[in-house]
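As structure tokens, here come the structures.
Okay, so chain A shows up in both of these, paired with chain B first and chain C after.
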Partner chain A sequence: MTLVFGVFLLTLLVIVAVAIVRSTNLFAAVMLSGIFSLLMAVNFFLLDAADVALTEAAVGAGVATVLFLSALALTAEHEQVRPGGAALQWLPLVVAFATGGLLIYATFQNPVIGDPNAPVHQHVAPWYLENTPELIDIPNVVTAVLGSFRGFDTLGEVFVVFTAGIGVLSILGLRHTLVEMTSAEIDARQRSLRHHLIPRVVGRGMVPFILLFALYVQFHGEYSPGGGFQAGAIAAAAIILYSLLEGDDRGRALVPEWLLQIMVASGALLFGGVGVVCMLLGGSFLDYSVLAEVPSEGQHLGLLLIELGVGITVSGVLLTVFHAFARRASR
Partner chain B sequence: MIFYPVVFALLVTMALAIVRAVKGPSLYDRVLAVNMFGTKTVLFLAVASYLMGRPDFLDLALAYALINSIGVMAVLQFFQSREFRRRYEHRHEAE
Partner chain C sequence: MEFLALYNYWVFAVLLLIGLYAVVAKVNLVKRLIGLSIFQGAVFLLYISMDKVEGGTAPIFQTADGAGVFSNPLPQVLILTAIVVGIATTALGLAVVVRIREEYGTVEEDVIEDMDADS
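After this line comes the complex of A and B, so read on.
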């Protein structure tokens, strides 16, 4: 039955993807990409990948739409139709179809979903499932794999997020003075939703609950779906909601920019620092077992610290990018 | 099994919302369609987590329910700021 749902939802996904490509109205494309992300999350969910679905929920539903709209505020409403020969348009189509055809051809060799004899279930996965209770002693194997067994990969991902933040900032500009803005009313007061009572009351009431949920996802990641990435995105979404309601200036007063810069760097530093401490205590890099007397307690401590580092960096980067866009739009 | 008709009804509603989002014609139809699709996603996740026998995955539906509203706020803010900027630009051109 899950397969039927999956096929139906994937068909909808294709329809939405085609609609995104064909739409020349950029706002419509942003709205459709919101639906695309929701559909994607449902598909992840049906495949039992709850951690990934939660990431898609936090990033896709919360932050991506906001960032897309901030970018849209800096550009035109409609996609520019580029004048070019018919050959220029046929070439990408042919390339896309050839690649797609190859990929579909490759899927014929794939094992059926859930086949216990598939290579993916024969390789390292059984070892992880078997040894997580003994070595790490937490129920959520995904967190154990991400944080401990494959800690290197996660460290790399954190630095990817860190680098992406630096990249966006170097394009949008870290310090934009607002001298050019002659009409102050555009910026601070009227751009926000401060004068609309209902969104403000309802939205402000939700901010603490979203933050609470972020903390739950952060510190409960060893027992249920979630972890640093998801929690960082959810916490950033809460602050973004506050900034949307109260205006960017008050959002920046709540979480000042110097703090954000420290957060971006210190989260990644904390992750790497835990690894170095492990080395100093006589273990290998990111081997948390040496952090406490009992190896599994050391693993718990290490996972807690690195997930905290991940969460701090992710929320710092997302908020910095959001503020960079908002400041740019207010010129 | 009461869950199957519910899931079926939700999937049909999701498909209808997508039809509205793709066809438009106005931007507000699309905004409403996305909003409705978000709500249906929350419900679908909630029902599917029971259907799959994993009620602890209800966390996800909760996350969506909390975060979904942010997108709509962003849309409101986008239209408002665009309105003000246009007025400002008009005034600027007139001077």
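After this line comes the complex of A and C, so read on.
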């Protein structure tokens, strides 16, 4: 039954992808890519990747759609249609099909899906599964690998997110290029949903629950699917929803920009700082065992702190990026 | 169901093909970024498909000693962070596209190239 469901969802994924590429209306394409992400999330869930499914649903279907829409508001809603149609370009099509054909040919040598003897399951993964109960003592192995065994990689990822946030700010967020619209102007230009009663009432009721869920995902990440990356994206999605409903100015009044800037920097700093503290206490960089008397308790404390750092930076960057797009006037 | 045992990988290849076509063939820069995210999604699917173990479940222990069959946590960790990094880099790309639109008044690459050639 799961197999039939999986095949159905994967086929839908391909259909949606074709529809995205074929549509000349970019608004439709962005909406379809939201559906694409949601389908992808369900597929991840069927493949036992609950943490990844949560991330994909929050980031791909939620935040990415909003960012693409804000970019569309600043560019154009339709693809320019060329004279003579130019619907399909042959050279790229041949290149793409050649690549796809080669990849499909290569799959015939792959181990089948779910094969426990596949090479990918033979290397370090069994070691992580065996040693997590003893060394880290938390149920969610994904969080253990993410935060502790491979904490250094995750620190790098956090700094990539941090850098991308700085990059967007330096391209779009310069003070003189931003518009300070008054509430009346936002109303006049219909840049919010303030006048639409039903989305407003329903949406506003959901915001506190989404935030509560974000906090649950943040602090329960060691025991159930979740962690800083997911929680940061969900919290950002809640504030973005509020900004869409009430207007960007009230969103910025709720979480001011100076706070966001502090969040972006302090989350990454907290993560790195925990690593340095571990060194000062005599351990290796990001070796949390030295943080408490009992090594596994030190691991718990370390994971809690670095996940908090990840969550703060991710939500800060996503909100900063959203405001940078939303505050720019379309010319 | 031996025939369908590789279906995930085929879908990966087809999605990669579609994404690659969109990135190479489309001249609208926003559309290209959407194509890039399809391409990205295909790679995510490849990694997550590899993590599945038959009869396994999500790698979250139900008992204290960690008994049971679990899927591979490692590809999940890689993709989990890659998704968030992916949205951050997409946002950076969109920011560049918005700046291009402000300078050139269009996001169609062939028009931009013509304008560059004329000036």
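Everything below uses one rule, namely that the second predicted complex is superposed on the first by the 304 of 331 C-alpha atoms of A that agree within 3 Å, B and C clash if a C-alpha of one lies under 4 Å from a C-alpha of the other, contacts with A are read in each partner's own complex, and residues count from 1 in each chain.
We adopt the following convention: contacts are C-beta pairs under 8 Å (C-beta built on N, C-alpha and C of every residue); 3 or more make two chains touch, one makes a residue touch a chain.
On a predicted model such as this, the values are computed, not experimentally measured, just so you know.
Q: Tell me which of chain B and chain C touches more residues of chain A.
A: If we count touched residues of chain A for both partners, the winner is C.
Q: For A:Val274 in the superposed arrangement: first (chain B), second (chain C), both or neither?
A: A:Val274: touches no partner chain.
Q: Taking the superposition on A as described, I'd like to know which of chain B and chain C A:Asp115 touches: first, second, both or neither.
A: The second partner, chain C, only.
Q: Quick one: is A:Pro92 in contact with chain B, with chain C, with both, or with neither? Answer first, second, both or neither.
A: Once the two structures are laid over each other on A, A:Pro92 reaches chain C alone.
Q: Does the superposition put A:Phe325 against chain B (first), chain C (second), both, or neither?
A: Only chain C; A:Phe325 stays clear of chain B.
Q: Should A:Ala125 be classified as contacting the first partner (chain B), the second (chain C), both, or neither?
A: In the superposition, A:Ala125 touches chain C alone.
Q: Once the structures are superposed on A, label A:Asp48 by its partner contacts, choosing first (chain B), second (chain C), both or neither.
A: both
Q: Figure out whether A:Ser224 sits in contact with chain B (first) or chain C (second), or with both, or with neither.
A: A:Ser224 contacts both chain B and chain C.
Q: Regarding the shared-chain residue A:Leu172, is it in contact with chain B (first), chain C (second), both, or neither?
A: Only chain C is touched by A:Leu172; chain B is not.
Q: Can A:Met206 be said to touch chain B (first), chain C (second), both, or neither?
A: first
Q: Which chain A residues come up in both lists, the one for chain B and the one for chain C?
A: On chain A, the overlap between the chain B and chain C contacts is residues 48, 50, 72, 224-225.
Q: Okay, in this complex, where on chain A does chain C touch?
A: Of all residues in chain A, those touching chain C are 3, 6-7, 10-11, 13-14, 17-18, 20-21, 26, 29-30, 33, 36-37, 40, 43-44, 47-52, 55-56, 59-60, 63-64, 67-68, 71-72, 74-76, 79-80, 88-89, 92-93, 95-97, 99-100, 103-104, 107-108, 110, 112-116, 118, 120-121, 124-125, 128-130, 132-133, 139-142, 144-146, 150, 153-154, 157, 160-161, 164-165, 167-168, 171-172, 223-225, 227, 229, 232-233, 314, 317-318, 321, 324-325, 328, 331.
Q: Taking the complex as given, what residues does chain B use to touch chain A?
A: 4, 7, 11, 14-15, 17-18, 21-22, 24, 27, 30-31, 33-34, 37-38, 41, 44-45, 48-49, 52, 54, 56-57, 59-60, 62-64, 66-71, 73-78, 80-82, 84-85, 88
Q: Spell out the part of chain A that touches chain B in their complex, as residue ranges.
A: 1-2, 5, 8-9, 12, 15-16, 19, 25, 27-28, 31-32, 34-35, 38, 41-42, 45-46, 48, 50, 53-54, 57-58, 61-62, 65-66, 69-70, 72-73, 183, 185-186, 190-193, 196, 199, 202-203, 206, 209-210, 213, 217, 224-226, 230, 234, 237, 240-241, 244-245, 329
Q: Give every residue of chain C touching chain A within the complex, in rising order.
A: Of all residues in chain C, those touching chain A are 1-2, 4-22, 24-28, 30-31, 33-35, 37-38, 41, 44-45, 48-62, 64-66, 69-77, 79-81, 83-92, 94-99, 101-102, 106-108, 111.
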